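Look for chain A in each of the two complexes below; its partner is chain B in the first and chain C in the second.
The block that comes next holds the complex of A and B.
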């Protein structure tokens, strides 16, 4: 039995061209970002649903402000270098492309270590524990889910940087670099929403341990 | 001997072995690590955090061993491997147990998976229906009953997802005149990731079962000691990857792969339904994924999303607690519209088949097309009607009641169009048409019992009663099961080149429709009389013992009728007779090509030159080969 007629000619007469495929890839990536937005908005919704109390209304844990501010700046700066890398490859400027990609990944790593070592308190002694009620749960869920995407973004950037080094992309055809850039900017944008939600909005509640 | 070799070296078997080994190694490693760190790993049937890690990593083990990631890993290494078409030198049937990128192969893989899972879920239902046939506990205890109904729920949901994926994958690309999906490898991933998801889910039955139902509300799901709950949550979660990827794929395919001349309002109407369902699938699945992750995390890591603060000192400080209703919001934000993901393709099948069997144009094409989008949109803002008894402020309840009742408008549009299409048509009562009419009748029953539950006052009385069970099964049988069976009969000669027996098809129909009506109406009646859902027993004094026995008999009838269908289909495969290319006189593109469809569906591009549903009108053509279109 076979439900696909057996034919030995394995050439697709309607195969999409490269430019058609890139168009589809682009829409696919945007739909993926839309899908992810439902996850991140659900997390934001969770934050505003749980971080409330009858006296103060919307609240937040009183966390150290300076490190978070610095690491947010680092992440935003990485987006600048990502954009620089994309512009460079479209002008066939290999040197700028290579070091901009690496710089983006490096700044991403700094942000990641900032979250894990400083924010998660592994280095400085915990400000907020996993089991600290809704404060701990939401804080670790939001930073953790975002950090997971940062890790995926860094991996993607390093893969594309490596393939770029081998000369696989041209000024005209560098979809992989564009995909990297869209994803990285997207992950940054998510943090632009998460940072104020975690650190700035609401009445600060002091933590006691 | 060759056959055995092909089976043992297939992606399916390699994947399962890979998954088993990965799960074992990761679990043992995690347990040793946790022992070394001083944790107690001997509570329960297995160590929970280690089990979670093992289940998650085992999915990657499956996919690597099956070869789903092979091309992507090559891409990471800088290669650009071409798509592999065909059976790779093996017999054709091995395509169905190997990783294949062809949308028709994937569609049939989903179809087979759907039927196998349906039989399993049905069997579980029959077991607990036999228990419920008489008052008193006969052969099940509470835990076994709870595990059975919980498993029946989620297994049937997986079957439904496979069923709609079967229809969307097989029909979507060919109906719009494309050779395949936009992302064939991602399409294969969607199918293959659902297999390890299913094994994780089914492992819940052997590691203690679970008693949370398929909704898994905290605080019960976060505190139950039946550890199957973790595997259920993870299996459900991993299946979400399949939903998101296939939804995304179908949306892009529809936007960019349509044939020349096929504007959005000249697509076969099923495609509108499929795209509406796909948009929902690609987006809302994320919120249930988050809800499930939260329960997993609360159980395994101690993140307290759902535990209210009780320590007076912390309350004094203004510390926020968790809230179990948060889960219900995130869960139903997905799970209400998910029902539309299941029924929209089915309603699309009804609209697709009616004009063929009445030989009349589809009444109000644009209205039907937009009503699918309307159902998807309105259906996304009604979720909290599941929470009228959950302690929600009344100011939230009223808007959700109103939005819920609004769903009746786009759904009503579909009903009126169906009636107007049937009106004065030259009806033919072949098996697919019978199932379409059965679907309309059953969906009407489900539709009419819906507003009663969407209205706060009546829902207060009927919430969590058997009335809900009757209503829900009517919507799903009317919106999915009957149309899915209609689709199987209708496209069977197209997909296999063989014709089933009409007599057996009609026998299936005439057992299943009365069987279902009796089952569903009697369920509603026992609900009104006081039968609770998810309860293993009821007292004889409720006066519903006869009704319960009747429901069980009806369930058995439905089960037998489905076995008749499978027998009919399987026997037809062995018949020597070839089906005619277009047995129903359809105008749709897939019937331009021979049966079974060739590898790339068409010999070359096709072009749309007319309206899709001008049945009964002379000289009106819908699609022609682009080479014959003349421009």
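The block that comes next holds the complex of A and C.
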């Protein structure tokens, strides 16, 4: 007998059913995402408050565009595979689920190392230093906070992938996969606003080291 | 026969969303390098966020929990 059928057969009216539980879990996760948004909005607000001057208006540091564009594409691709994994498990397509989850984690890692090694310049020499006043402080705060969420997301994806490999999720009952997908897409959503704020919006100002 | 077709259309929905996200990102880059319009870039970001919220995060499941893939 499946867990879902068992839930219906011996349902205690004082306890929520599985679907009611998932509904509450889903609401809780969205409230969590909303509360996280205040932090990210604060960082965005800091960026637009500090990165401006009386002559040019909104400004930004003159950073390399192509790597940031490529890593943004990589993060978008990871979201695509996460969506594919969620659809696959809802259809009991375990092969697609497994490889899509692994691809999502791999692309997340590429993005993370792209930010840390290329954007933070650990590999090629820093393009923008932490000590570069408001530019450095805001850039490292925003990318660092986002990178922390990427690390958490990758860990979550690997846990859910491993559980899925063991057959813990079914087409009817896969809340953990949905939760993992919502969190990962949320990380992508934050970058959708961070990428233009850091690299595209405003007049580019040359940094002199 | 209808189930694989439905499944295929759901995969297609994700493909279409990903395609538009990439297209908008390319437009963003071109706009930033040519026009430097902050308002347009913010509007494009909001458009991308809408696609992610609706197609990938399925925000409508909050008020329509029966909605499946």
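The working rule: the second predicted complex is superposed on the first by the 196 of 209 C-alpha atoms of A that agree within 3 Å, B and C clash if a C-alpha of one lies under 4 Å from a C-alpha of the other, contacts with A are read in each partner's own complex, and residues count from 1 in each chain.
To be clear about the criterion, contacts are C-beta pairs under 8 Å (C-beta built on N, C-alpha and C of every residue); 3 or more make two chains touch, one makes a residue touch a chain.
Because the structure is a prediction, the values reported are computed rather than measured.
State whether A:117 touches chain B only (first), chain C only (second), both chains, or neither.
neither
Would you check which partner chain A:65 touches, where first means chain B only, second means chain C only, and both and neither mean what they say?
Second partner only.
First (chain B), second (chain C), both or neither: which does A:185 touch?
After superposing on A, A:185 lies in contact with chain C but is clear of chain B.
Return first, second, both or neither, reflecting whether A:91 touches chain B, chain C, both chains, or no partner chain.
Once the two structures are laid over each other on A, A:91 reaches chain C alone.
Regarding the shared-chain residue A:23, is it in contact with chain B (first), chain C (second), both, or neither?
both
Counting only touches as set out at the top, which of chain B and chain C does A:134 meet: first, second, both, neither?
first
Could you say whether A:199 touches chain B, chain C, both of them, or neither, answering first, second, both or neither?
second
May I ask you to decide whether A:83 touches chain B, chain C, both, or neither, giving the answer as first, second, both or neither?
In the superposition, A:83 touches chain C alone.
In the superposed model, does chain B or chain C contact more residues of chain A?
The partner making contact with more of chain A's residues is B.
Identify the overlap between the chain B-contacting and the chain C-contacting residues of chain A.
23, 27, 203
Along chain B, where are the residues that touch chain A in the complex?
76, 78, 85-86, 92-93, 95, 102, 104-105, 108, 178-180, 182-183, 244, 247-249, 251-253, 255-257, 282-287, 289-290, 294, 297-298, 301-305, 307, 309, 314, 317-323, 326, 329-330, 333, 495-496, 573, 594, 596-600, 602-605
Using the touch definition from the top, list the residues of chain A that touch chain B in their complex.
1-10, 12-16, 20-21, 23-24, 27-28, 31-32, 34-36, 38-39, 42-43, 45-46, 49-53, 55-56, 59, 130-138, 140-141, 159, 162-163, 166, 168, 203, 205-206, 208
For a test of understanding, state which residues of chain C touch chain A in their complex under the given definition.
Its residues touching chain A are 3, 7, 10-11, 14-15, 17-18, 21-22, 25, 28-29, 31-33, 36, 38, 41-42, 44-45, 48-49, 52-53, 55-59, 61-62, 65, 68-69.
Touching chain C in the complex: which residues of chain A?
These residues of chain A touch chain C: 19, 22-23, 26-27, 30, 58, 65, 69, 72-73, 76-77, 79-80, 82-84, 86-87, 90-91, 93, 181-182, 185-186, 188-189, 192-193, 195-196, 199-203.
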